[in-house]
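Look for subunit A in each of the two complexes below; its partner is subunit B in the first and subunit C in the second.
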Partner chain A sequence: MSATTYQDKAAACWTGCKQSYAAFQANPHLTGGQKLAVHYFTVALVLFMAQLLFGLLAGLQFLFPSFLYEILDFNVNRMVHINAMVVWMLYGFIGSVYWFLEDESGVQIVGLKWGQLAFWVLTGAVTLVVLVYLFIQFGAGNDTSLWLINEGREYIEAPRWADIGIVVVVLTFFYNVAATFAKGQWSGIAGVLVLDLVALAGLYLAGMFYVTNISVDQYWWWWVIHLWVEATWEVLVGCIMAWSLMKLLGVRRQIVQTWLYIEVALMFGSGILGLGHHYFWIGTPEYWFSIGGFFSALEPIPLVAMVVHSVYDSGVHRFKNSNHPALAWIIAHTFGNFLGAGVWGFMHTLPQINLYTHGTQWSASHGHLAFFGAYATINIAFFYLAAQQARGNVWMGGDLANGWRWKAAAILLNVGVLGMTVALLIAGYEQSFIERAVEGSTWAGYFAAQNHPWFMQAMVWRMVFGLMTAAGGGLLFWDLLDIGKGEQRPAAVIANATE
Partner chain B sequence: MLIEPVALSDFFLSFFTAASIILLATLYAALFAWGKASGRRSLGIAAWLCYLALLVCVAIFSYVNHFSGYWLALSLLMALGYGWMPRFIWRLCAATHQPDHHHPHQPGGHHE
Partner chain C sequence: MSEQIPARWASETFWKKTAIWVTGGSFVLLVILTFDSLAKISAGGPRVPAFSVINKEVGYRFDKTKQRYQPVIGDDAPLFGKTLSEEEAEKLVDLGKKTVQAKNCMNCHTLLGNGAYYAPDLTKAWLDQGWIAKESREQMMLNFLLDPEKNARTFGSNRKMPNLEITPQEAEGIVAFLKWMASIDTNGFPHNFRALGAEE
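And then the complex of A and B:
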């Protein structure tokens, strides 16, 4: 085809996109806040696909080390894989809060224009940062590269200009949430959410200053990685979950708010000082062994409590719901959170065993299931809530047209992630045993473990399950674009129990 | 060093019992709640058996990880916590659902 033909196709595509966007903006089923939420959900879904793609590339490089060598190196693929995950989670959380903000407060969002501006600024910045990661990720680090290319801290590699941008966007989000509740109605969920957003913006600052002592640097880095992710994100998800349970299952406000308060109390009681389990081997004082061990042992207790409440509630509510796919993902959240954060977490947090497992594939195993179970699942549940409402609050119960698609996507994604988790656990066990326990953490031990058949076989299985996860992701993407289209039946009505 | 790492021969036992503690704690909690909800005594007995197995796992875990003094107290506290928490949460559930008896859930139209 000639260049003119390509130009014509591009112009037609652009016109089609503009028309679709105009049709979306005119959607009468969505409020202003919900339209903004769909913007966030859309980018979150695209980043989720990017996470899967770069995860596959990084996984392949374990099996074929020369694959894309010096074109798209492992360190870049891994960095994009992890950062895409962090950012799509944030997009999903922000979108979820915007989704229910007007419903919860009873008034329109105060600074909707600011929220829209913040969305486009954030999306532009994320695009630019990813392009820089992919194309300008070579050479020595210095003060300039720290500001413009990569800040050098694992998981939060964003350059400093983007870091400042993230804080500004979160503060804009905070303003919108706090001011909207201030203008409308306050609730228990609103109070917890507003306080949590202060911590969400504040704790991120701990990863933005530079110190030359690596122990001190790691000390503060964990404030972002543990406290930001395992405390403020958990509370944020608690607020999102509380609201969704009221809407989806008709659970009474008193019940979800009581649980939200308990979760926050347990978070303060165990989660904050559970940070200590990251301080075992970074040069911090020995008292962190005791603090980290003690509070880490307490961290799974809320998850056990959740089981009792689930059994009690299933008897009371009998799982009547208005959106089957969303409920399925909330159930996946319950199991994934329990297994990933609870069981996999506790297996290696105490220092007696952590000495061997710290920083091996064991951590990756725990991380894969915990992030997916605790956060990805709840975001996906909200994607389905949004799809339902955007199509006119249509039926999403049994005998849904093409219902096999969401079920197959859920099975592939959940089995895929669980399979990767078990494969990485085997690899991590082998590493811990050979590299750390037998060889005493020497370089020879490191290479012996990396080349051991157990390790390689586990990585092959990780790849197989990774492909399964990617297939599930693709199916999810397709389903969300299509689910509910042409559906005429209205959504099942669940008793309004929110008062 | 403040802690003594697990012996190589006990490496598998250490993480296996750690995982079992959490899984058994959950099974105990679920059986306890299910037994209470259904009023079936057999489920209550099964719950106690799970808790017993949990105590055995805590003991093995503490032994292979060379727990003593403070760490042993931590194990005891953990075992007591997992035993007490399901009971506490059950009471809390019953209390928070109390008004349901006065204002039962309405069918609300089309339920599945």
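And then the complex of A and C:
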């Protein structure tokens, strides 16, 4: 084909994109806020795919260390893998809040134009940051690198210019949420949500400065990482969950909100001081042993409550619900959150055990199941709610045309992640035992564990289940593009949620 | 009891108040503990030594009363043969830490146990027996950082550090940073670590 044919094809493709975007913008089934939510969900899904891809690359490098050596090294792949995860989860959360904001407040979103602008600014910035990660990768040891390339601090690697941009975007989001509730009606969910967003945005500031002293650096770094993931994110997800239980299952508002307050009390009551379980080995005083140990032992309790409450809610209504895939993912969320964050977290947070397991594949095992179980699952549930509404609030169940797809995707993703978690747990046991207990934590000990056939075997299993997860992710992507199209039956009507 | 008025402990307002008090109380406690911790981990204290500790011998020994390993600061042993003032030492360690961040070391290595698990923990890297002898250590570290591929010591794992275009000055900074980090009291982590040249 000649160059002009390619040009024509590109032009036709561009026109096609513009037409489908115009059609989406004219969709009568979605409110303004919900359209913005779909924007967020779309980018979230793309980043989810990026997370899977770079996770596979990094996993392969454990098996074949010379794969992409000095082209895309492990540190680049791993950084894109974890950053894509953090960012897609935030996109999912923000999208979910925009999704229910108008419904919950009873009015149109205040300042929606600003929210839309913020979305494009954020997405442009995320794209630029990823391109710099991939093509520039690292800089000289000075402030310019930290401002423009990468701050080199796990999970919050984004260069500082992007940090500032993120804060501005989050403030715009906060304005949309707070002003909309202020104009419309406040609810218990609204109150918890707004206060939680203040904490979420405020904590990010703790990760935005440089210090030479690595103990101080790590001290504040955990304020962002732990207090986000094990406190404010969990409460944010609690709000999203509360709303979705009312919509999906018709649970009474009073019940949902009472449970939400109980969860907030338990989550913050255990999670804030549970921060101490990260302060055992970074140079901080010994009293963190008792505080961190005690409160992290309490941390699974709210997660048990969450499982009990969702399963009870579903059972009481005999699982009668308006969106089967979404309910399936809500159930996956409750169990995943309890197992991944609660059980897997508790298994190695006590200092008595953590002395051996800290900084081993144990953490990777816990991380994989916790992030998936607690956060990926609930976002996916919202993707299905959005797909249903966008297609005219149609029936969504197992007997849909191509209904096998959402079920197969859910099975592949859940089994895949659980399989990776178990494989990494085995690797973590082996590593703690050989590297720490037997060999005494030297580099030779580290490699004795890494080279051991038992470790390699676990890494092979991780790869197998990683591929399964990726297949499930691809199927999920395909399903969401298509599910409910051409379906005529209306969604099941669930009892009115307001009392 | 009528259905309209639930028991006090089951009411929404009771749990709302509980949530507020528990959150507020925990947060106030965390702030108080943070002031105390930050005072105790500022450089120059007993837990995190001053940056000029790079002029001294840094070791790691089992403490019988505490039943765990502790860093031990010994006699003069200036890094690269130069005794540095407190400011010069801080500047060098600072260059090292900035380089460690700019080269994204934490996405392969762990520092203080945090980071990725593709490459060894650097918390006590200065003390590792992999450097063979104290006399050869500084030069070996520099050589490795400047050309990791040619000086790769993969312990049979075939994992190699990529060339990160580290300058000689940055390499010295990294070595200073690693030596200073090895002197931090990490409450016995990593466990059972036998330092280079330890007598036991």
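What we mean here is this: the second predicted complex is superposed on the first by the 485 of 499 C-alpha atoms of A that agree within 3 Å, B and C clash if a C-alpha of one lies under 4 Å from a C-alpha of the other, contacts with A are read in each partner's own complex, and residues count from 1 in each chain.
One rule holds in what follows: a residue touches a chain if its C-beta (ideal position, glycine included) is under 8 Å from a C-beta of that chain, and two chains touch if they have at least 3 such contacts.
Treat the numbers as computed from the prediction; the structure is a model and nothing was measured.
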Of the two partner chains, subunit B (first) and subunit C (second), which one does A:F209 touch, if any: first, second, both, or neither? neither
So in the superposed three-chain picture, is A:E286 touching just subunit B, just subunit C, both, or none of them (first/second/both/neither)? both
So, does A:F135 touch the first partner subunit B, the second partner subunit C, both, or neither? neither
Would you sort A:E157 into first (subunit B), second (subunit C), both or neither based on which partner it touches? second
Regarding the shared-chain residue A:Y312, is it in contact with subunit B (first), subunit C (second), both, or neither? first
Please indicate which partner A:A444 is in contact with in the superposed arrangement: first for subunit B, second for subunit C, both, or neither. second
When the two structures are laid over each other on chain A, which of subunit B and subunit C touches more residues of subunit A? C
Is A:L350 touching anything from subunit B or subunit C once the two structures are fitted on A? First, second, both or neither. first
Going by the contact rule set out at the top, does A:T258 touch subunit B (first), subunit C (second), both, or neither? both
Shared subunit A surface residues [contacts with subunit B and with subunit C]: 254, 258, 262, 286, 289, 355-356, 437
Given the complex, residues on subunit B that touch subunit A span 1-6, 8, 11-12, 14-15, 18-19, 21-23, 25-26, 29-30, 32-34, 37, 65-66, 70-71, 74, 77-78, 81-82, 85-86, 88-90, 92-94, 96-97, 99-100, 105-112
Touch list for subunit C against partner subunit A, complex: 10-12, 15-16, 18-19, 22-23, 26-27, 29-30, 33-34, 36-38, 40-43, 47-48, 51, 90, 93-108, 110-121, 123-125, 128-130, 154-160, 162-167, 170, 173, 181, 184-194
Within their complex, subunit A touches subunit B through residues 250, 252, 254-255, 258, 262, 286, 289-290, 293-294, 297-298, 300-301, 303-305, 307-309, 311-313, 315-317, 320-321, 338, 342-344, 346-348, 350-353, 355-357, 397-398, 429, 432-433, 437-438, 490, 492-497
Residue ranges of subunit A in contact with subunit C within the complex: 58, 61-62, 65-66, 69-70, 73-76, 78-79, 137-143, 145-146, 149-154, 157, 188, 192, 210, 212-219, 221, 254, 257-258, 261-262, 264-265, 268-269, 272-273, 275, 279-289, 291, 355-356, 358-361, 363-364, 431, 436-437, 440-444, 446-448, 450-451
